[in-house]
Amino acid sequence: MKTIHFAVVGGDMRQAKLAELLAADGHSVSTFAVRAAAGERLRPMETAAEAVKDAQCVVMPLPISAKEMILNTPLGEGIHMIEQIFAVMRPGQLICAGRVSGPVYELAAKHGLRISDYYAREELVVANAVATAEGAIQLAMSETAVTLWNAKCLVLGFGRIGKLLAHRLRGLGAHVTVTARNHGDLAWIRAYGYEARHTEELAGYLGGYDVIFNTIPARVLPEERLMEVGKDCLCVDLSSKPGGMDFIAAGQLGLRAIWALSLPGEVAPVTSGIIIRDTIYHILEEERSLCG
Amino acid sequence: MKTIHFAVVGGDMRQAKLAELLAADGHSVSTFAVRAAAGERLRPMETAAEAVKDAQCVVMPLPISAKEMILNTPLGEGIHMIEQIFAVMRPGQLICAGRVSGPVYELAAKHGLRISDYYAREELVVANAVATAEGAIQLAMSETAVTLWNAKCLVLGFGRIGKLLAHRLRGLGAHVTVTARNHGDLAWIRAYGYEARHTEELAGYLGGYDVIFNTIPARVLPEERLMEVGKDCLCVDLSSKPGGMDFIAAGQLGLRAIWALSLPGEVAPVTSGIIIRDTIYHILEEERSLCG
Amino acid sequence: MKTIHFAVVGGDMRQAKLAELLAADGHSVSTFAVRAAAGERLRPMETAAEAVKDAQCVVMPLPISAKEMILNTPLGEGIHMIEQIFAVMRPGQLICAGRVSGPVYELAAKHGLRISDYYAREELVVANAVATAEGAIQLAMSETAVTLWNAKCLVLGFGRIGKLLAHRLRGLGAHVTVTARNHGDLAWIRAYGYEARHTEELAGYLGGYDVIFNTIPARVLPEERLMEVGKDCLCVDLSSKPGGMDFIAAGQLGLRAIWALSLPGEVAPVTSGIIIRDTIYHILEEERSLCG
Amino acid sequence: MKTIHFAVVGGDMRQAKLAELLAADGHSVSTFAVRAAAGERLRPMETAAEAVKDAQCVVMPLPISAKEMILNTPLGEGIHMIEQIFAVMRPGQLICAGRVSGPVYELAAKHGLRISDYYAREELVVANAVATAEGAIQLAMSETAVTLWNAKCLVLGFGRIGKLLAHRLRGLGAHVTVTARNHGDLAWIRAYGYEARHTEELAGYLGGYDVIFNTIPARVLPEERLMEVGKDCLCVDLSSKPGGMDFIAAGQLGLRAIWALSLPGEVAPVTSGIIIRDTIYHILEEERSLCG
């Protein structure tokens, strides 16, 4: 693609890496409220206004906001209202941001700005799931005193993360059981060679595992199920809020339970930055062909 | 489940095996127009009327009809109109059949019969895709003078068969490239570790393969693409009618091209019979819980 | 490597393909008693003397002889004594041949000829084992009515073929058990994730398999063991003479038992030709560095 | 096996876990200088003499000694000379210890004691290599900002650890190149589907990797090779002393280089304890059949 001018505003290590990658591809990049190292084509700016001034595309964090309408800057780059950023932009500039909520869409509309949610795109979500699956494996390795080889692992749910996690666990030599709710998914689980089990038939069945990974965003592991889990079993919850297990009960039962959110940014910010870059390129290509 | 009375009417080796499996599970089974060996609980009948008389569930072939409204009996068990079978049944008997067309549904309705298409169920279609993928590999092994190990294989399409075929080819040590049309599927292809390529960007790219498998039911390999294919390359088309490659052009170009339809029944009738049995059990469970 | 003059004398499809491959690499190739198509640099000759006349390296079959001292020409290219070939060669020409017996070595010595056994080289034997493993899978697929997916497979022996076969069977979704005789090999079997079993503890354990592959060249499946094998189980013996199973007993018991010898040349002559070529190149490199 | 009396003397978490596992199998276990929790059949003793008094088998650490002739007690259970332990034993008691040196063998002989080195047994070394390979992966995951999925990984050496590590890296979706020194091993590397490269032809080839794992106990990565390694590449050395890379040069070049020794005990003490237990059982079985 031809080189353009990007602004990268807010975010964590992924956005910092993204800024470097865009510059390395020959684009001009201005940054604000994100820790990117200055370079030939990469200029950190003092204000949002300066950063967005010449940008055709303004990249914002994933999620764009962790709390109300405040820009997500987890690495401590100050507190900035999203509206402050939008206010210094002009119609025609494209915003690419992640997990954009209704109020943020409305705010953008009020300012006459187009916003595209890169987290709504399947290619980003899949690649993110790869990083999540790998992060979950790293966690299981570091938090247990057993090898995953020969370990009995249960994966609750056969969505994106469940599919990719099961694949990798087997690649490491674990014995893998996966649960799902319908006959079609159970057939897929068997087709890939895992043990299959109905998600709703867990009672009496949780005793023998070394690691249980949950990927289902629903209370699949309430107290009565956790009571069956072995005392040496590690429980890793990968589901988004409200989470799939009763952490209070887990604590009382003395179980090791970890709620692992946001793994991609933590365990693989560089790969995540590459993924976001590629997705933004896809968005820009499609914008162009729509406009063209 | 509690034992019931089945009739198995028409079909190939899969239905023959199915009849034996049902009997082995303790059910009473009557058959007509299918080559099943008689056994303690398995009685071949002279007429359709006798076969269906006491049956709670009547199993018919996949597809129920290969031609117009004639019962599918590829192993030469005579010519029987589907209407002849329906005419001797009574309301309340459940028909389980595969690939039921609109006219067959109408015919069943006319006779007051319920019909459930087992081929419309994901668990059967997935398991069928496993057998198709394996059959395609058997074909590629027997029709080439190279090993699949170290062979360059191209899989067109990442639907059910494409997914399962790519997985198995890699398990055998092939170099696997898979094509898809959208960024999401391309991300999945990469997440599983295959080379990814846009289905619409094949031009100039088909020269180096040892085997090309097509799974897309659209003309993705017209003459101009086939002209690029190497003379030692085997082309296997797994897509249903109208097929993905121009077989006439392939013949003129001297390419080895095989249109492999109905692999599951041919290469793995026993596994296919088991799959149909399991699916029919699921249908019956759901019928019961609906009625219950 | 620099181009030289080869003669290819005798052999099957592998040697025919080898001749073409050598010519395609820029070497001059003369052939005798092997069905290779003439080409720019590939000339079939009427007599052995003409074929070997200018050759620096004379390639002979694998095995060089199937019977006594007669050149191996399984595709019907006449009967020729090995001594006839040696007699028209001169000292300094290198012979590369497969499975060279003591008497053949002596005969070469008598004629002042050096002979190098390419089948004695690990790289050829390993690559041959890959082709054998793949051929065994093709056989199992075509001779059973079940898919290898979900099939219970037993592999007797964890040598080269056992290792590569188990790896591929699992890649196809089979449940794989492998046997070995010592704790070290059993640990390797488990390290790769297969079920492990002592080769000497098979009694009472052979009943549940869909396919049994033997790779051990010793009578591990005598009549009393075969009596335990299920009637639908396929037995594939991949071991060289005297073979691992009692085929007479297998026949009397009504078991499907196949003694599959020489699979590489049958199922993958092109890949096998490539392997032989690469091995001969290694031999020539080492000769040169020794001489140089 | 029938239950006997064990003493576990010295060691780390693996020996502590081993003591618990032996007790859980019904054996009586006395311990000294190792942190095992007391239990019904597991009694920590105040002196070595008490611990070994009734033991038929005395288990000592891996390695038995980290320094001169001092018992290995890395978790801080005091300083004890090996001779002190041997002095309170009597002929007929079997010692099982790991990495027994010549002087320790001589010392045992002087006291009339038999000693069996469990680390000399293939089944333990293989299982240890599994844990090492997995530990190396955990390390690579935690020390890089990329996923192993899609990462370019180089594994130097195709011995036990190299084999198992390459297998797991590929299971995680990495691009894997493995090096070896002879054509046979290179053929094995290709047979398993990895890219193969001569260990001695690394010059000019080290630039593009994300992670380099060394398993060869020889200086394969001297300063001139390290100069080619990319600045973001992680180097993990898994070889025993003297190690395969020049760590001083690596430091000066600003490379991230880690010398990861003793991974099994650190990352998977429970699995390691199980492995040691199984190996000791094998030793006892063989002793019995020798004596019996």
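The letters A, B, C and D name the chains in turn, as written, and every chain counts its residues from 1.
What we mean here is this: a residue touches a chain if its C-beta (ideal position, glycine included) is under 8 Å from a C-beta of that chain, and two chains touch if they have at least 3 such contacts.
Keep in mind the model is a prediction, meaning the values are calculated, not measured.
Colleague: Report same or different for the subunit A and subunit B interface, where same means the shared residue numbers exceed half of all residue numbers found there.
Modeller: same
Colleague: Report back the single chain whose CA centre is most distant from the CA centre of subunit B.
Modeller: D
Colleague: Rounded to a whole Å, what is the gap between the Cα centroids of subunit A and subunit D?
Modeller: 36
Colleague: Between subunit A and subunit C, what distance separates the C-alpha centroids? Give it in angstrom.
Modeller: 50
Colleague: Specify, in ascending order, the residues of subunit A that touch 2 or more different other chains.
Modeller: Each of 130, 149-150, 170, 173, 190-192 in subunit A touches at least two other chains.
Colleague: Line, ring, star, complete or other: which one describes how these chains touch?
Modeller: complete
Colleague: Applying the document's contact rule, which stretches of subunit B touch subunit C when the two form their complex?
Modeller: 13, 17, 130-131, 134-135, 137-138, 141-142, 144-150, 168, 170-173, 232, 267-271
Colleague: Sort out for me which residues of subunit B touch subunit A in the complex.
Modeller: Within the complex, subunit B contacts subunit A at residues 121-124, 126-127, 129-130, 164, 167, 182-188, 190-192, 279, 282.
Colleague: What part of subunit B is in contact with subunit D in the complex they form?
Modeller: Residues in contact with subunit D: 149-150, 170, 173, 190-193.
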